[in-house]
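Note that the chains are named A, B, C and D in the order they appear, and that numbering of residues resets to 1 at the start of each chain.
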Amino acid sequence: MPTQPIHRHTRGVYIIAATPFTATGEVDDASTDRLVDFYLEHGVDGITILGIMGEANKLTEAEACAFASRVLRRVDGRVPVIVGVSGAGIDNLRRLAVFAMENGAAGVMVAPTPGPAVEDRIRHYFHQVCEALGPGVPVCLQDFPQVTGVPISAATILALTRECPEIVMLKHEDCPGLGKLSAVRAGSGTVETPRLSILCGNGGLYLPQELARGADGAMTGFAYPEMLVEVVARHAAGEIDRAEDIFDAYLPILRYEQQPGYGLAVRKAILHHRGVIADPRTRAPGPKLGPLDQAELLRLMARTDINVKELNHGS
Amino acid sequence: MPTQPIHRHTRGVYIIAATPFTATGEVDDASTDRLVDFYLEHGVDGITILGIMGEANKLTEAEACAFASRVLRRVDGRVPVIVGVSGAGIDNLRRLAVFAMENGAAGVMVAPTPGPAVEDRIRHYFHQVCEALGPGVPVCLQDFPQVTGVPISAATILALTRECPEIVMLKHEDCPGLGKLSAVRAGSGTVETPRLSILCGNGGLYLPQELARGADGAMTGFAYPEMLVEVVARHAAGEIDRAEDIFDAYLPILRYEQQPGYGLAVRKAILHHRGVIADPRTRAPGPKLGPLDQAELLRLMARTDINVKELNHGS
Amino acid sequence: MPTQPIHRHTRGVYIIAATPFTATGEVDDASTDRLVDFYLEHGVDGITILGIMGEANKLTEAEACAFASRVLRRVDGRVPVIVGVSGAGIDNLRRLAVFAMENGAAGVMVAPTPGPAVEDRIRHYFHQVCEALGPGVPVCLQDFPQVTGVPISAATILALTRECPEIVMLKHEDCPGLGKLSAVRAGSGTVETPRLSILCGNGGLYLPQELARGADGAMTGFAYPEMLVEVVARHAAGEIDRAEDIFDAYLPILRYEQQPGYGLAVRKAILHHRGVIADPRTRAPGPKLGPLDQAELLRLMARTDINVKELNHGS
Amino acid sequence: MPTQPIHRHTRGVYIIAATPFTATGEVDDASTDRLVDFYLEHGVDGITILGIMGEANKLTEAEACAFASRVLRRVDGRVPVIVGVSGAGIDNLRRLAVFAMENGAAGVMVAPTPGPAVEDRIRHYFHQVCEALGPGVPVCLQDFPQVTGVPISAATILALTRECPEIVMLKHEDCPGLGKLSAVRAGSGTVETPRLSILCGNGGLYLPQELARGADGAMTGFAYPEMLVEVVARHAAGEIDRAEDIFDAYLPILRYEQQPGYGLAVRKAILHHRGVIADPRTRAPGPKLGPLDQAELLRLMARTDINVKELNHGS
């Protein structure tokens, strides 16, 4: 069952889903179903799959399609699902996007391809992508220069917002990026430039500040989605301080998860310890936790539980 | 018909093959066959497919397998074929390598994955790869930091040569890299470290110097393979000056081809103008030549023809 | 008055000092004195000047020497002072180091020069540096690949520890870097490899974990040095949980400070708001805070004050 | 004696000068004078000092000023001299620029500072620089992303040309960069955008093509300036083929010089072998030639001499 496509006013928490693997390295269907249920039970407004966190570049096209199908069937239209389709070639990107949309996705996410960071190249690339996808496929532009190596200025994001009607959403995860977020927020939804939904990544590391600056929500894979959901909700309800108190209770483990290139292993370990996925492994070559890391993580998880109890007790 | 696997004393010219596409963007089988014939007619000692120049990252796994099959069938054991299997995930890498070897490949080529350039990470990666591939698959280590972003020291290459018996060949294309080439040549084939076959890339830009420093040949995609073949042959025959004269005659167009990220379009254009491939296109997003570039290239091709005629007349 | 040189067992908090400027852009001597007093009053065990945070690359050699002199005179031997001497040329580096040591510095800090990240180059560089400095100048090796672009493996750090007796300290700020810290800790102080003092940077973002893994303290510029001092002291006293509670109270503002390339402006703004430096400006081109950033920061400072009060009330 | 400032129609060969050092590492005044004479005798139209090739980042401010003074006095107004003033801080940049202009320089050269490659940052930086320098200082914008890490699009170069009247010249050395050169040529000298003088770097590797696309000349440090001068002159005289024949005769050694990060040592070695500078050393850490490299270079120099003789004999 398809849902409404993502659009320029989409709000809330779009959780970035991990891709669970079995002990023999196959995509784990049962864990996938449990993961979807877990996210939905914790109140997310949408799910984004096959992003960087989803290890999309280590899946074959067949695996990616099968995973997308399974998630979309399990979600069954309850929330919108965005499918990451970034890749080296536009033909592959288009084929996966078409598959996703035909199976009920609400939109696709695209990051710029590697290469010189000249902005006319980036702009040209998104024009090519949008032309290849055609008018029916809403696009979330992923701005994650720490991983892509390709920074994009606010001016270029706004130019693309004007030029490509398919681009309706920004996954904002430049860092430092608060000034850019304010610039995109101020520059879109004007007479010249259509509004852009802005959901924030980077594990949520600056979420209270981002919401205060006009972000529409979060799109990230923090392994305690309940925090993201509650912070966004409280903030929307005007309970700014309370939202930030909740955020702060989770911040020690959030900042621990937010270790570039390594955090994915932490996230999967937490999801595993919380009983959601059967095996925390990432596909090789990928990060993994040793015994010392495990003990460190379990200590942080225990401290998080205490923080959250105190928070609820105190409220 | 399978050939002898590549080994520690492999010599000569292994041409890097382009992947030809039709005007509608499919892999072009007829041009593939003609390209194989062209390379063989010009006397290459081996062919390497699905490298960076082969746009391997824009092919699906199915397309890569089909292309490898077709090339291997067309070559039919006349020369060894090396198959590039680099990719983000070792599972995918292994599956393609197994397919290639089962279909008659002589070895595989592997570049390090992106990530921090600490050499223990790189070393660990090649250990993982060699373990996944198992003992029967000879590996050519591709050292191309300008594209991979991952430099490797001579010391690490030599350590891997000792530690991983599957690594029998180095595709040398660091730049500047002449000192490194000498260091690897001197440090391999010793009591401690097995010999390593060294074939040189970078379009052949320093081929005479590389041969003088002990390289075993070239592995690059220069669109005039006859030059590579003759230079390597003359050098092996001790005709050092004549080899370099031949090289110099082609150098103006060689250095024009050797424009990073753009040269592939030049190579395909030359192969097209020489009647080998039907269409010079690269898959999007990829470089292409405008009218001014075309005119510039044709002028250089004409000057090359004159140089070659003078060379043969003068000899 | 000179102090004991830094050595292989140096422990505690070495604060990284900002370089204050006047409204007209000159080095501000009065603020420099106040800053030194502020750090000493808050109990730091040492001070590091002319690091990246000290905008050393925007000072002339004369300014750098004058600033080092002033700090050293003000400190007057009460704690050791380390002087950052990194730069493009070894001659300049040596001259500044000699000046610093003659004026009472306890050691110098050196980061690798930009260039290909091959570790033999890095190793060779530190050999050159140590030879140029001679035996009397203890060196702190700064490992900060996010800024230098040059990652260094634990194995290379340990090799340098064996080969260069002058290298007695590691400023650890790779990220993710916890595993590397454990590797260096385990690999130094052994039969083969001398002990290495390890002080941690990155704003202190993982300080509790780093101390648990055997770090000897912190070397970073967090604008609330009292937190660093107390966390390190409590941890040393075995009050692990209490140390982490204190850390967590400051974490929201710490993670806000820790925005790459921008955090310096935040730190200077906090030091300005705390009455330490007269003007928060950085030298152009450098980051600065707009009105929205200022409001955001003041809110975080106020929340930090509340956290700290609750912490002390609750204890 | 000052010369006419550089301007929007400046043409010809501006040689990039090396900075010669004595065997003990000091700037070598006598070799500096000989180098100036050598360049002038070979007919260059201008000289650019203190660029990347001039090892400017390894000189102190005092050394840079002394070197600039000496060169300017020796040139004595016979040709314009451009002084590289790039650096981390705008204060230092301005001070050196003021000194240079007061001592008779014809303009300054500025490259973007390192940092995220977003073009509004780059644009803002050049606005800051031009404002700091004031209206009397003509600026050559150096576009050399292979070294600076900061690519700039043709659109940004043209925007800066419109916005900053001080920017009158582009040192073009992006690679691949022929398309960009054509775009800047076509887009400047229009109704909206003032003309920009374009001089090309990269060792001259694509000089014939660049001249054909409308470049005004070369600005590079090739150690045979007579080639650059003659190629530019013949091309201007309409002898396109002859110009390219001359170029091709030097191409083998030119491409050998053009090894990133290493070529400086080659250039200095050639200048030394040609009797111009007393010592070929670069300041540490810097490249140097071993015995094998020396032999390789001498062979290429000898072959170049033969090529040039044949060229003149044949003409």
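The working rule: a contact is a pair of C-beta atoms (placed from the backbone, for glycine too) under 8 Å apart; a residue touches a chain by one contact, two chains touch by 3 or more.
Keep in mind it's a predicted model, so treat the numbers as computed, not measured.
Visitor: Where the contacts of chain A and chain B overlap, which chains show up?
Guide: Joint contacts, listed by label: C, D.
Visitor: If you average the CA coordinates per chain, which chain's centre is most distant from that of chain A?
Guide: D
Visitor: Taking the mean of the CA coordinates per chain, how far is chain B from chain D in Å?
Guide: Taking the average C-alpha coordinate of chain B and of chain D, the gap between them is 34 Å.
Visitor: What is the distance, in whole Å, between the centres of chain B and chain C, each centre taken as the mean of its C-alpha atoms?
Guide: So the centre of chain B lies 46 Å away from the centre of chain C.
Visitor: From the mean C-alpha coordinate of chain C to that of chain D, what's the distance rounded to whole Å?
Guide: 38
Visitor: Which chain B residues touch at least two other chains?
Guide: Those would be 116, 261.
Visitor: Per the contact definition, I'd like the list of chain D residues that touch chain A in the complex.
Guide: Of all residues in chain D, those touching chain A are 116-121, 145, 151-156.
Visitor: Touching residues of chain A toward chain C in the complex: what are they?
Guide: 175-176, 178-179, 182, 205-206, 209, 212-213, 244, 248, 251-252, 255-256, 259-263, 290, 292-293, 296, 303, 307
Visitor: So in the complex, which bits of chain A are touching chain B?
Guide: Spelled out, the residues of chain A in touch with chain B are 25, 55, 57-62, 88-92, 113, 115-116, 124-125, 128, 132, 261, 283-285.
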